[in-house]
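Structure first, then comments.
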Amino acid sequence: MTLPPDVRELLERLAAGSVSVDDAAAELARVPSGELGFACIDHDRKRRQGFPEVIYCPGKTPEQVRDIVGSIRESGHSVLATRAAPEVYEAVRAAHPDAFYHADARCITVQVGDVPERTGRIAVVSAGTSDIPVAEEAALTAEWGGAAVERIYDVGVAGLHRLLRHLPALRSARAVVVVAGMEGALPSVVGGLIDRPIIAVPTSVGYGMHFGGLAPLLAMLNSCAPGITVVNVDNGFGAGLAAASINRVAELASAR
Amino acid sequence: MTLPPDVRELLERLAAGSVSVDDAAAELARVPSGELGFACIDHDRKRRQGFPEVIYCPGKTPEQVRDIVGSIRESGHSVLATRAAPEVYEAVRAAHPDAFYHADARCITVQVGDVPERTGRIAVVSAGTSDIPVAEEAALTAEWGGAAVERIYDVGVAGLHRLLRHLPALRSARAVVVVAGMEGALPSVVGGLIDRPIIAVPTSVGYGMHFGGLAPLLAMLNSCAPGITVVNVDNGFGAGLAAASINRVAELASAR
Amino acid sequence: MTLPPDVRELLERLAAGSVSVDDAAAELARVPSGELGFACIDHDRKRRQGFPEVIYCPGKTPEQVRDIVGSIRESGHSVLATRAAPEVYEAVRAAHPDAFYHADARCITVQVGDVPERTGRIAVVSAGTSDIPVAEEAALTAEWGGAAVERIYDVGVAGLHRLLRHLPALRSARAVVVVAGMEGALPSVVGGLIDRPIIAVPTSVGYGMHFGGLAPLLAMLNSCAPGITVVNVDNGFGAGLAAASINRVAELASAR
Amino acid sequence: MTLPPDVRELLERLAAGSVSVDDAAAELARVPSGELGFACIDHDRKRRQGFPEVIYCPGKTPEQVRDIVGSIRESGHSVLATRAAPEVYEAVRAAHPDAFYHADARCITVQVGDVPERTGRIAVVSAGTSDIPVAEEAALTAEWGGAAVERIYDVGVAGLHRLLRHLPALRSARAVVVVAGMEGALPSVVGGLIDRPIIAVPTSVGYGMHFGGLAPLLAMLNSCAPGITVVNVDNGFGAGLAAASINRVAELASAR
Amino acid sequence: MTLPPDVRELLERLAAGSVSVDDAAAELARVPSGELGFACIDHDRKRRQGFPEVIYCPGKTPEQVRDIVGSIRESGHSVLATRAAPEVYEAVRAAHPDAFYHADARCITVQVGDVPERTGRIAVVSAGTSDIPVAEEAALTAEWGGAAVERIYDVGVAGLHRLLRHLPALRSARAVVVVAGMEGALPSVVGGLIDRPIIAVPTSVGYGMHFGGLAPLLAMLNSCAPGITVVNVDNGFGAGLAAASINRVAELASAR
Amino acid sequence: MTLPPDVRELLERLAAGSVSVDDAAAELARVPSGELGFACIDHDRKRRQGFPEVIYCPGKTPEQVRDIVGSIRESGHSVLATRAAPEVYEAVRAAHPDAFYHADARCITVQVGDVPERTGRIAVVSAGTSDIPVAEEAALTAEWGGAAVERIYDVGVAGLHRLLRHLPALRSARAVVVVAGMEGALPSVVGGLIDRPIIAVPTSVGYGMHFGGLAPLLAMLNSCAPGITVVNVDNGFGAGLAAASINRVAELASAR
Amino acid sequence: MTLPPDVRELLERLAAGSVSVDDAAAELARVPSGELGFACIDHDRKRRQGFPEVIYCPGKTPEQVRDIVGSIRESGHSVLATRAAPEVYEAVRAAHPDAFYHADARCITVQVGDVPERTGRIAVVSAGTSDIPVAEEAALTAEWGGAAVERIYDVGVAGLHRLLRHLPALRSARAVVVVAGMEGALPSVVGGLIDRPIIAVPTSVGYGMHFGGLAPLLAMLNSCAPGITVVNVDNGFGAGLAAASINRVAELASAR
Amino acid sequence: MTLPPDVRELLERLAAGSVSVDDAAAELARVPSGELGFACIDHDRKRRQGFPEVIYCPGKTPEQVRDIVGSIRESGHSVLATRAAPEVYEAVRAAHPDAFYHADARCITVQVGDVPERTGRIAVVSAGTSDIPVAEEAALTAEWGGAAVERIYDVGVAGLHRLLRHLPALRSARAVVVVAGMEGALPSVVGGLIDRPIIAVPTSVGYGMHFGGLAPLLAMLNSCAPGITVVNVDNGFGAGLAAASINRVAELASAR
């Protein structure tokens, strides 16, 4: 933990005798509550800014997204914007012609500087074709977080042989994101086949008494395959971030 | 459809001229509402009495169950009593020493006369050891309904190779009952492997946000394997009866 | 179980001495994981392709449906497309003038080759006029699966005499699909009158605290008539497939 | 509406000149808020005390129930105590040897004075034997409220001919209480056969996803037979009171 | 109960000796199941046709409603159409210029013949202005069912003095329909003030965690004022019919 | 409590001998039920009319809102209209050019007379930018109720140091409204830092299994920081009113 | 904000030259994260210790409660223990003979030193006798927090005149806690009569579809009387604390 | 992938000419379905058996647990038994005197051979004292999975300074398990302070409308701190396993 500059300066003035102990104590106490205790937080945040910024688009106008993109890239960082409708992309591209639209994932990316090397590998698995947007959001997010991603799509439990072909890839990944709607059985089946960290993502894909994703969410929380963790319905971003975070921990361990 | 005796008698009196058309019409109209229309129902019920009677034990005292068992066997029929606690069995056995207790299934059976031949074959599959009581209730009920039953237990999705060993048996059954708690993924996996009628039974086996079986029930209703039908949580009896009913339809077809 | 052709060929080369045991073992082990174990699945799938393919339209563009229809018929199979909006049909008909639109059932069918004979008979019963689209989806699906279908519509419990007229037809069917919204009481009443396999379909038809079909779904799961099985809300396709599957099992039995 | 005595006295003192208008106005305004406006309520309550008092036992000790019984009969009224466990009855009988225990209904009654004549007739219908306690609570309450009651029990929809025998009795009743657990289909069937006021009572009798009576409650609220009204789960008392209230309105109309 | 014509004819042929007893019995048994038992139902239905027909408009096209209106009036009956959007009325009026649109209640009425006298009086009470459409649907339905209706609107519990002004009218009604959204407290307050049959109607008027009317529905089912009965959310039609039915029972009693 | 004028007049006529005690008593008893008992209510309502009137706009046409605004200001009071869409404002402004639109809060205000001094201070805290509309509705309402308001926005728990900067302001407020969507953790954190009355407002801001605000509502009801009270989802108006009410109680206490 | 002693000492050593600026900075940075930023919190906590400590008993053994009571009183503070079963009280009294058991409230209090004067007045209102334990918990907690409490019990909406008698007391209270189970209508009625801060407490008292208090909770959240705030089901402690907190704010205001 | 021994042997016999191609093909096809495809699974399972076996005790008798413990240690592995009641431990200790009971975690461990070195470090954080059993289950499981564990208990959000003291330990862990009941706010706060993988565990600790852990579960799924993953309520075992799995991935990475 490092001290904020003005606190350091205060200590120097005290040592120099240009301020009394009482005045120094009073000044230190006047520092806005929390500033000291959280100096390390800010410090850490700064270090983390090697990660690109992320914009969640719903509830923002295309113009607002466009402007936030501008302010992020001005600060020298790459941009990831999730849940971006095509009209949002239109507004962004008008101002940033190098913006790229991942239509499947409904994401916009703007690369600033060279693409950093992706190290480690995670896998993103999805059950049905309707689950692909969520899976792609997870995959893009994990790539943004520095991980190489292997996409294994359309391998639902109604055709197990498709999944089994990919066992070696699944068993060597650092983390596996499993995306499924309907009854959400896929993470349990994957969990019975591999021993890597699994992050399950229920999707709102379903009909009848599906309750917008509650059915697969409950299935995943109650999985008979132990050790599976779950994120909110359709939350590909959260799952991708968690997988990237696991990959980064392994990266740090391997770098020692 | 046969007529009730007093209606037959009325017709005879009318033919004999001992009653006028008006009086016969009036008398016929006075027959308690429904008696005529449902004569065929009663008739059919009688035919169905080749099936043994079934007693649902909860809410009945051991003595009440004992007495119902007595009255059924007096009428010449075999008995199946479901959800029977050990103390219920004690009371029944005291009066009926030949009663048999299926502890796993929590069922009592009393065979009256020779065991009828079981024709056709259905399969009962269960995921975990905790699901066995429900599976056994289904198996016993189906046997009682005249079907031969193949039991395939402890083949949950967390160890798929155990299930795959039984594919031939599953693919040649007339109907398959699949019993699963936790996340209820097993029927979907079975449904992707075979094309026989599948009846899924969710069980209340689970922890945390399982809601007493709601999690697997929703999973089964939302199965990505089409054509699966579902019964209520822990309702092994209902599933066994449905499987026996399918088997009987096939039996009737083969007998023509 | 038959072996895939290339495995057979490998054995022949080994027997011919043109490959060593080590190399044969290595090659066999290189076969993608699951391929062998699931060879029988693929084999079976092929046999099942006597059944027509089914397209679930929601979430697909009219053009996508049109192209899938084309690819199925090119492979020599008939087509069933469910939940097809009129504009989907327009797109399909433009390319396939012989496509037929079942407006009530919201289904498109394209017959390739002669219509196969329908054997066995199932019944589809519905409570109210608003339930007819779901009932028709079930009926069309069952016909597609090879069953003859008797439609008995608008026989809700608020006018029992309408239902009772059809008892003989219900009692001789191989399976009965019962479709009902509102309070979902019809399957219980039918279940008290016949002893054939009953598949209950709750519909989302209702008002107020109906929860999109939860009310009739719960009623059907809790039916006092034992042996009824249930599919998801509005899932006429699933119910029709289950009924066709039961009919096919009986057909196979009668063919022995 | 009659005035409370002290207000009448105040008016007399004002007329007698023994109090000024200002003082009378001030005094009138000092009358506790609500006393005047609700005088008629109290008056009406007194008239209603021709009805016996009712004690809801749960949450009260046997001794408390015993004492309340004592205080009611001292005021000259008969007593109805609902949901009374046997031990409550023991405590009551020790002090009131003429207390009567209706074990089925779990109710205690103590008759004070002659039994009043019961006029008009309502019917109480129940589906299964397990629903009888709730049905009996309704029947006893309705009798207590002055109605003659016809009990028609064990006529669930799984055996319609039993119900149809009673159509004449149902069609001539002033109101019909229909009690059903499981899927709660009976009120809809009754509602399709008669045009009398129907009060439906869901019971907590059921298994699996029954949610303690939610299944039949939803069924009854969504009944396709229009004009059915519903009370809370197991609330036989409320249904009986509503039926007695309807009967009393008819009684008052016939008395004019 | 009268017999269907062909049964009468059969009896006559039997009396005339032109058919044997055996043949008559066989023929009688061949009568479609249910026809006889339910003759009385049909008979009763005919008597009930003094009541006007009711059309529930949602799910029907304006043209369908228009045609049903036509067919009802041709049979000599008046018409009530509920939940009718303005465009439905336009279609109906084009063919039936004397159709009347009750915009508040979203109902269309067509009077055929003279308006029948309304006898007895019920009250319809509503809490907020947003509840008026449901209240008006109840009021119109009750009038259609032959009752005189007193409307007491906008008397929610947040201003009790407004309600108290109407106590005499409430206390002399044969039945009271109480319509309330939000927290649904009004029926409890009314129930504490009067002893007439009360039918509570929850409405979907509310915000936040109101769950489309579940909040007031639960409140009404749990009312501390005993004897209140409830209908489904926004079901003014059902409540009006129930009130009219109570009024009719009293009318019949007074006519004896 | 003051008496209504006609009651006062009645007393004067009685004192003057121009009416007998019996007639006066009869007349007093004829006063509509509730009028007397609730006179104080009306009186109090009048005193409260120092507070401005509030219009809830949803379900009202722009023209209706415009007219209500007119009638309120004619009676000499200022106006607050909540949940006002821009088109409502257009209609209001056309007739009331001095109306002001708070776009963030979706509120319209019309000031009549001088702005009253705001005394006391409450704080309104919000977690995310999406929560600001609800927070602003609370703030405007509290100001309207006479309180000075300190707005502390965008201080969610994911960046605690932002919140801690405002501790002194929070600790000296008379009440604190805390607005949060997503997981609703902010009130618990604030509750652990201050000991002032806290009113928590869950918002419908969230995704996936958020159930329209149920997630933060449950969190706030279950807060580990004791003494927090909660209002309905998105109910900024209710929270602002509660805070203003607390401030007013303190104001009255300080004025003694 | 005052500094922790060791930080003050560090500054003194720095001023005295016995430590270098670098070392002082390093030492300051080594202070456990948060200690500085939260010094003011601790300081404030200390001031708050004029309030007595509160023990929530469930989940603690009688011996654990007894020991916590001992450690609190040793520190010189009075004790409030909530949800204390009689056997917990037995254990506490054995060690603390002056402990007092409030059986209705299920609370234990131990007074240390003189009873502090209670200033300001709040009211606690409850609907039914079964709600009294929760109401008493609220009342005791508020008294412990320094408020005088007026208890107004058994004034449910089914007998409004009882409530109206207490209007003056309600209108002059600083805050009103309203406790109600069943349908939870009482806070709405109270809210329509007074303009003081109202804290509503739903209780789990109810039957049938009450869902353990969900029914009154939803009613209170949806109250048509604006400005009501709510706490969790049966949370008398939370409501009492909130009321005491409001009273304290008013007390502080009056003390200026 | 390696072949099972008998398949290798078959190939050798074929190469040796001691079996024909047809017979070899037939034999290969007779291998139980799935055996081949899943050989790698079994192989992998065997490798994983370096991990100790885990017994979930609920639903097993003490004697069953005792016997399973015996059979595991006979196979040379250590044992972890979760959710073990004291009487289960008694039965186990009688047969295995070296069994150790972790009363807080309700777990039994039996160490076979030397304790393996724990590498890497994860942290387990809990909010309240009542959450400790779940936290301990997670910690023990993670240790069993080979991770070193730092326990940070009783640092709920109502006293943030306690949590902040542990920031360095949290920021250097490979994964952090955060256990919280009540409103479940702690994971969000931790997630705002660190960037390590966070696994949130909701507990059933709570009162009123807590729904057995649904409240914190929803909070955690909706956390505003991105990248948090969640397990089922009270599932400390699952969270510990997930954390150990992350740690193992990092361990493997560091070992390369």
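So that you can tell them apart, the chains are marked A, B, C, D, E, F, G and H in the order they are listed, and the count of residues begins at 1 in each.
Operating definition for what follows: contacts are C-beta pairs under 8 Å (C-beta built on N, C-alpha and C of every residue); 3 or more make two chains touch, one makes a residue touch a chain.
Given the structure is predicted, the values throughout are model-derived calculations rather than measurements.
Asker: Starting from the defined contact criterion, work out which chains touch subunit G and subunit H both, please.
Answerer: Chains that touch both subunit G and subunit H, as defined above, are A, F.
Asker: What whole-Å value do you get for the distance between subunit C and subunit G if each is reduced to the mean of its CA atoms?
Answerer: One centre to the other, that is 61 Å.
Asker: Please report how many Å separate the Cα centroid of subunit E from that of subunit G, as a whole number.
Answerer: 51
Asker: Residues touching two or more other chains, restricted to subunit D: which are they?
Answerer: 33-35, 37-38, 40-41, 159-161, 164, 167, 193, 207-210, 214, 217, 221-222, 232
Asker: Let me know each pair of chains that touch one another.
Answerer: A-B, A-C, A-F, A-G, A-H, B-C, B-D, B-E, B-H, C-D, C-E, C-H, D-E, D-F, D-G, E-F, E-G, F-G, F-H, G-H
Asker: Would you pull the subunit D residues touching subunit G in the complex into a rising list?
Answerer: Of all residues in subunit D, those touching subunit G are 32-35, 37-38, 41-42, 58-59, 204, 212-214, 217, 232-235.
Asker: Please name which positions on subunit C make contact with subunit B in the complex.
Answerer: So the residues of subunit C in touch with subunit B come to 1, 37, 40-41, 44, 48, 54, 120, 164, 167, 171, 174-175, 193, 195-197, 199, 217, 221-222, 226-232, 237-239, 241-242, 245-246, 249-254, 256.
Asker: Taking the complex as given, what residues does subunit H use to touch subunit F?
Answerer: 127-128, 156-160, 182-185, 188-189, 191-193, 206-211, 214-216, 218-225
Asker: Sort out for me which residues of subunit B touch subunit E in the complex.
Answerer: 1-3, 7-8, 11-12, 14-15, 17, 20-21, 24-25, 28-30, 33-40
Asker: So in the complex, the part of subunit F that touches subunit A is made up of which residues?
Answerer: 130, 160-161, 163-165, 167-168, 205, 207-210
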